[in-house]
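Next, two complexes with chain A in common: one pairs it with chain B, the other with chain C.
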Partner chain A sequence: MSARPGSHVLQVPPAALPRLTTTATLASWLTTVDHKRIGILYGATAFAFFLLGGIEALLIRLQLAVPENTVVSAHTYNALFTMHGTTMIFLAIMPFNAMFFNFVVPLLIGARDVAFPRLNALSYWIFLAGGLVLNASLLTGTPPDVGWFGYANLTSLHYSPGLNVDFWIFALQILGVSSVMSAINFIVTILNLRAPGMSMMRMPVFVWMTLVVQFLIALAFPPITVGLIFLMFDRFFGTHFYDVAAGADLHLWQHLFWIFGHPEVYILILPAFGIVSEVLPTFARKPLFGAPVMIYSGVLIGFFGFGVWSHHMFAAGMGPVADSAFSIATMLIAIPTGVKIFNWLATLWGGSIRTTTALHFAVGLVGLFTIGGLSGIMHSSPPVDLQQTDSYFVVAHLHYVLIGGSLFGIFAGIYYWWPKMTGRMIGEGLGRLNFWLMFVGFNLAFFPQHYLGAIGMPRRIYTYRADQGWTVANFASTIGAFGIALAVLVFAINAWRSLRRGDPAPADPWDGRTLEWRTSSPPPAHDFDVVPPVYGRDSFWREKYGPRRGPAPGGATAEHPDGGHAGIHLPAPSHWPLLIALGMLIVAVGGLTHVALVVVGALWTLYAIVRLALEHHRTPEHAEQRGVLGLDHRKVAMWVFLGSECFFFGTMIATFLAYKGRSVVGPAPHEIFNIPVTSLSTFDLLMSSLLMVLALAAIQRSDHRHTRLWLFGTAFFGLIFLGFQAFEFTDFVHRGFTMQRNLFGSTFFLLTGLHGTHVAIGVFWLLSLWVLSLRGRLGAVDAIKVEIAGLYWHFVDVVWIAIFTLVYLIP
Partner chain B sequence: MSAEHSGEQPTVGTYLLVALVLTLVTGLEVGVIYVRRLAPIIVPLLVAMSAAKFALVALFYMHLRYDSRVLTFLFVGPLILASGLAVALMTLTGAFLVFGR
Partner chain C sequence: MSTVMPRSDYAREILHVYGIITWFTLGIAAIVGLALAWVLTRFRARPGTTAMPAQIRGHTLLEMAWTVGPALVLLGIAIPTIQAVFRTQAAPPKDALEVTVRGHQWWWEFQYPALQVATANELHVPAGRTVALTLEGPDVIHSFWVPRLGGKRDVVPGRLNRLTFTADTPGVYRGQCAEFCGVSHANMGMQVVVEAPDAFARWVAAQKAESPEPAAGPAAEGKAIFASRACVGCHTIRGVSSGPIGPDLTTFGSRQTIAAGILPNTIDNVTEWIKNPTAIKPDAKMPALGLTDQQARAVATYLAGLK
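And now, the complex of A and B:
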């Protein structure tokens, strides 16, 4: 695109950029750190898993097409609906959304990439590893068969003795790592990598929804991670977290799952809301109606999303007070959601509408999600919910939300951004056929399920009798499911034709409003030749048609074209993200087969992480990573990570306290703890924090001798703490108190053991910095690295402050 | 306001003073559990002292007192939310009942 008045030319010739020297070889894709390529990888992988999950759905519908059908056995049916749910949620919808986050968000905020490109690649490869682990269960004939929310104690060794649940645990844990890593990356990117002038309230609504979703991921995944760790320890090491005979409460799993599971609904749907909020204004040629209110509504939905999880548990018997509280909270969440619906309608009202395929899907979402939302409000009433729980009404509701909402939004986004992503236009005729087939097929498949649920058909049954009155609706539903499959086939043909011989896409095919349309289609590796000026919300529209507004307070535009940095720096490709993910895959395979593989995989992963960390240790362009907040990306990332860790340890500590006094056999805490010894170890850890800040102060004043001294001192104090813990654990075991002994032992050893693991990681990190300093490779310019390690170390310290009081001291 | 902007930086003396307070409060924590007359208020007392130590480390050693408020938001927001969820989880699983069933 031609340079605009006030813009600056590229200061580094593209040929000098390492990323641009790569060609379209397999190796270039395996080592790419380009956010656009990673976005395409997410999209292609998600589509493959989407097809797999779709085939599973078709088999489910074939089985239910007629009464007493025998297409699959009851056991296979259990596996099909488990794999279908898990695949569609974690391997299709989430990565489809990740495709848009990756490809579009940096373009929308005028950035050249995400904050941590190699971490971004790592997130993708870990996601792929998780997907492979889950689907490898099909090859071994042991697919998970406990439903996508795997309620305890169906998942216990007693009821699920095979590898089925183990595959599910490892896959979800790996996928969780990928998601949290990616979430931290995008939070930092959006907060710190915006183009000068792109204030928060000037950001497109899709970027806002992405930001909200990343916070939801970073905060909601730790509780399910903890729940899965409990399950893994119950199955592998004989602990009692979900063992009723030992005093455990099976509701714990339900709580931990739904504390994650309900925000997960918004993780799946809010990106679609963001997409629709971009598509409607473009094709109505009007600004989004009430854009600030749309942003606040999205934030409120995300916030309320953490306070409604127990509405999934009304049938569990929580009592009228809890039921009432969660019922009210659930009804409240309908308000910001309703605001969005009405604002979309108001955006279309009076607009100069162009009925493209993208608009069809966006409007489809508005209508279909409203139906799903309304049935959701019905569930917020406990008496009504009790009638609908575990019935096909719920199946209808969740599909109206996740297909009518999420998937229609994703297709709107695909048709909207396809020209930008591929550089080709995609067929509008086939696109509309795709839409209508999907719209009709979807409603035929899922609307009758409301009726089926209302007349009593339970979900998750593999067959039914002819005299139950469910035959016609089920048959219609199956026809509809194949209609959806036909729609997906039409999309695949359309996409193939576009890639093969589609018309070249101009930079701005839709007369777009936001910054991604300001660069070529597809964008160059560096996204923008110059960092684009920002004239307000809908910046590109204002640039084309006015009125232009000045830069945001404190920001700069054309006067400061590259955020204060001269030239363009793009990180070189790296193979370490792929190799780290490979190591994690080996660990998972080892967990399913032999412990030796776990050790090999863990050592390999550790080695690859160190290599990745040191890959650009001395690259001058990586020394300074400050963004628009005036903060280093790495520091912001560490604080987001620590926020996420609050949820991890909060869940662990809450479980310890919830289970306190519930053990059916001794010993009790007061019979076993040695408070004076633990007080000494606590003092030791507190003093290590003092040494840590002294190390930071030393490196900031370039006092390398003292830097080394205090770094080693901190690590040494950490080792002493671990020694205390080893002594305590050994003493307990000798006295017969183990994690298998009782519920107290399970919660105590896992909580303190995981904290000890964090300390051990910190010690390794500090010793690595110490070795770098000894070798003269840790100068004042690296103070930020010591600061970040210090933040982690102090956090481990404050967690112990809480553990010491809540676990050891409180009677 | 970031440290660079405010110009305020913690000194080594500040770090040592914080360490001294942390040591004293830890000593107090251990001491009060042996004082029987404090039994009725022991839980809030211990939680308050623990929270004070937590805050001291976060404010001074982790530099939240001197650093950008964005970082405070990124940490304290999730901390409050996680604490609320933990209390709710304990209540719902019957560890303590804020309200009756």
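And now, the complex of A and C:
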């Protein structure tokens, strides 16, 4: 049988298969696992939040239109810019990008869906939960008001006593789970589900940019997750991570935030770069100039993007050596970025350019991002940055790259892929009006802000005095902001008209170059009647006009046995993703109100996760999920997840080491640790890994008795380890050493406690497998499930070795 | 508060680098802008064209050129940048005037340890002498920024940051906190008064002297109110009170602005401030003490005489 995740086998002629239709029921939308529907859900939700963030921006601009204005109070204003920034980044741009990842990436690589359709749906519902949590703060009158990067210690309980910061923490953590889960899904999809002949270098540049972005997400979110956990524990449980009096260093928050925050801006822009790299060649009718270099530069940007974060901290006082190092690194990143601009220009050069709306927005990005990038070069020089940072100059810079860059790219993508996603054409006349209103409005809104920054206007101020000389530029900026709003209105009208009575769209309205144009608009539920052949980069163009290249050397082979159109498998809908997200929402509400709800929500979530995990335990099509890499999807996913976990634990270990010796009161590590006892528990955990290896070997040879023995043994040894840990913690607490005692207590208990939580999850997982085996429901075909549990278990073991060495043993 | 009208060595050093970068970036912007305009006009598809343009995939030499070119430009930016980084963060000379800056929510405290003088919100420095600021803070992160005198530096509780400059031209320069620090972040301004050395010496002397006795009438009445109310718990007036919490008011009358640079120092403004601080500066820590308008005006009159 064919290897397709979770499916109904449809034995019908392809032409009769159902098309994606908007007359589907509400229930079908709530349980969908179809990447196209999920993409539309992301897009519609993103648009709603985009409007909300836009209203927040208009209120900001109204308040600043004239000096000493009284449209909103200082409190409200501070919440407005916090919510505007958080909303636009996490609830607008990222989900708009996710709309394209979801709808288009499987089509671009000739796949029929993503690797894990139900996890895909889960990512969406969790994202929605996060957006609801953040905006629920508006209903309680306690929206976060500390800026979108919430510097400690303004965010401490002492200086921000209300629920405002708590809403912010919970929302961001929930959104982080959604993003990382989605990242794992798309990495596995892109690596493992490519059509035969689609080697990595033949993938469209948009897919490459998506791949880089997913790695950035998987690795950049853990540091901020840790930073937010520290903040949450400080606020809820009295730890000292950001407590200056206890010896904490307030730079810690900034480092953790910006180690996430800088890759985040590449997460925001690279998809737009990818879109431009598809749109320009299509409407210039020639290939992307220097596609390999565009790919390499994207990868380089992603990689080096992890090395520049402290250019956000030039004013923080890191010293001249650190300032210089980050300055040089930041300038270096400008090189691969600049190369892209020139390659795009060269793509247009010599072309036969059709000036569609999509092309307008793509060209707009090239021009506007250049401006934003150049002001970024200015910021890369610390002396200059020390005048420009935290002023309206940096506000101008960030909006040029985020609106002129990301948003224009998103609109280019919307106009480009609209026919494919909706099956309708969208008006070119209104489209151009949309573009020009946005272009003019945007430049009027933000170009004057360079000037405002240069003449000394700080950012995040709710008002200013009339004698500052800032009035005219602010007023102009406000007019421009309303111009942008008008442009969005025009877009909404254009979109509405298209959906109501737009011309039906053909499969290939633009004479496209890539595989999504090879299927109908919109695609049928199964995407492609036949898995498309791949003739090289720009495969569909080559199919139409040549030259066709054969199978790529060392590229994808026919790992997709359903090359014909008999027996196409569709992933089955599921209600568990929605229910899991609901459980997480309840946990967040509990965190803001009453701990009982936390318990209820956690149990509900856990139950729903187990049901999701077992939903297709016996579905034959789920048994074998091997992909292009020759590896099972679930194995690749686990490796990516563990990579993310490396950054998670690495951040906590680094914090422990950074804070070593800074505690103001005792005890110190050597005064409290019991090394002999801890050595025993370490040995126990190491032995448990041995038992895990035996368990895997047993199930692979169908020896169920020994499978059960070793699974239970591993879990049992894990429980012994946890027992040692409980003993240690209790002993410490009795001796007055708690996480509230000093910095060492805070870092130690959080690090080892979270590790212990990982062990406990592993024990639960292994015992679940053991129970399945007891009931005769764990066969050799399920060996992969034991294998990935084993990977997880070994990883948790290795982390403990690192902790034991760096925390316990090193003096 | 212009960043391009420097009045100190630090600000001039920055403007020099800024100028270099600006020329390069304007040049690149022009090249890209012109190239974009050119390709969009020249290669626009004529209506009715069906011919496919040449399917050029790349050109290694060109791509190398526009990789190396920007790299060279960046070298031209990096070198003066690194030089300026080290020059502007060099240790100050031993004879520099040391000032400790403490950023509070939402006002600035200035202490001159060698001169045994303290003030608030209005920093006086002599022209032509290096000033070495040490920035510290008891509450949250702020940022000290006086654009015409140089770049900004954060006030980070638990750390000591430094900012060194030599102002060259007497004058009054505005500054403002530049790191979001809570509700009234927008209301945390300051003035830096750069004056000739003898004028500075006179200011120091006035700060050290015991405050003069007020004239009879409203001013004397105001002093009596000040001395008998909670004011003395927060504010220091040399010879009268030594409150450690709020701004030092010893020579309050000589300041140009009040409430951290947000209102001109007039008796009317000071009266309104005293009556209801949070109406002017949201969430200000200074409480309204329930003074009548006449009482507040009396205190304002007293304070106006403290030069």
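Basically, the second predicted complex is superposed on the first by the 775 of 811 C-alpha atoms of A that agree within 3 Å, B and C clash if a C-alpha of one lies under 4 Å from a C-alpha of the other, contacts with A are read in each partner's own complex, and residues count from 1 in each chain.
Here is the rule we use: a residue touches a chain if its C-beta (ideal position, glycine included) is under 8 Å from a C-beta of that chain, and two chains touch if they have at least 3 such contacts.
Owing to the predicted nature of the structure, the values given are computational and were not obtained by experimental measurement.
Using the contact criterion defined above for the overlaid structures, shared-chain residue A:319 touches chain B and also reaches chain C.
When both complexes are overlaid on chain A, the residue A:157 reaches neither chain B nor chain C. In the superposed model, A:383 makes contact with chain C only, not with chain B. In the superposed pair of complexes, A:425 makes contact with neither chain B nor chain C. In the superposition on chain A, A:355 makes contact with chain C only, not with chain B. Once chain A of one complex is fitted onto chain A of the other, the partner contacts of A:251 extend to both chain B and chain C. Once chain A of one complex is fitted onto chain A of the other, the partner contacts of A:219 are limited to chain B, with no touch recorded for chain C. Between chain B and chain C, C touches the greater number of residues of chain A. Chain A residues in contact with chain B (one complex) as well as with chain C (other complex) are 249, 251, 319-320.
Taken together, the chain C residues at the contact with chain A in this complex read 1-4, 13-14, 17-18, 21-22, 24-25, 28-29, 32-33, 35-36, 39-40, 43-45, 49, 51-59, 62-63, 66-67, 70-71, 74, 77-78, 81-82, 84-86, 88-89, 105, 135, 139-141, 143, 145, 147, 150-154, 156-159, 161-162, 174, 176-186, 262, 282-283.
Touching chain B in their complex are the following residues of chain A: 191, 218-219, 223, 249, 251-252, 255, 259, 306, 310, 318-322, 629-631, 635-636, 639-640, 642-644, 646-647, 650-651, 653-655, 657-660, 675-676, 679, 682-683, 686-687, 689-690, 692-694, 697, 790-791, 794-795, 797-798, 801-802, 804-806, 809-811.
By the touch criterion stated above, chain B contacts chain A in their complex at residues 2, 4-5, 10, 12, 15-16, 18-19, 22-23, 26, 29-30, 33, 42-43, 46-47, 49-50, 53-54, 57-58, 60-62, 68, 70-71, 74-75, 77-79, 81-83, 85-87, 89-95, 99-101.
The touching residues of chain A, counted against chain C in their complex, run 73-75, 78, 145-147, 151, 153-154, 159, 244, 247-251, 284-287, 289-293, 315-317, 319-320, 323-324, 327-328, 331-332, 334-335, 338-339, 341-343, 345-346, 348-355, 363, 366-367, 370-371, 374-375, 377-378, 380-391, 453-465, 468, 545.
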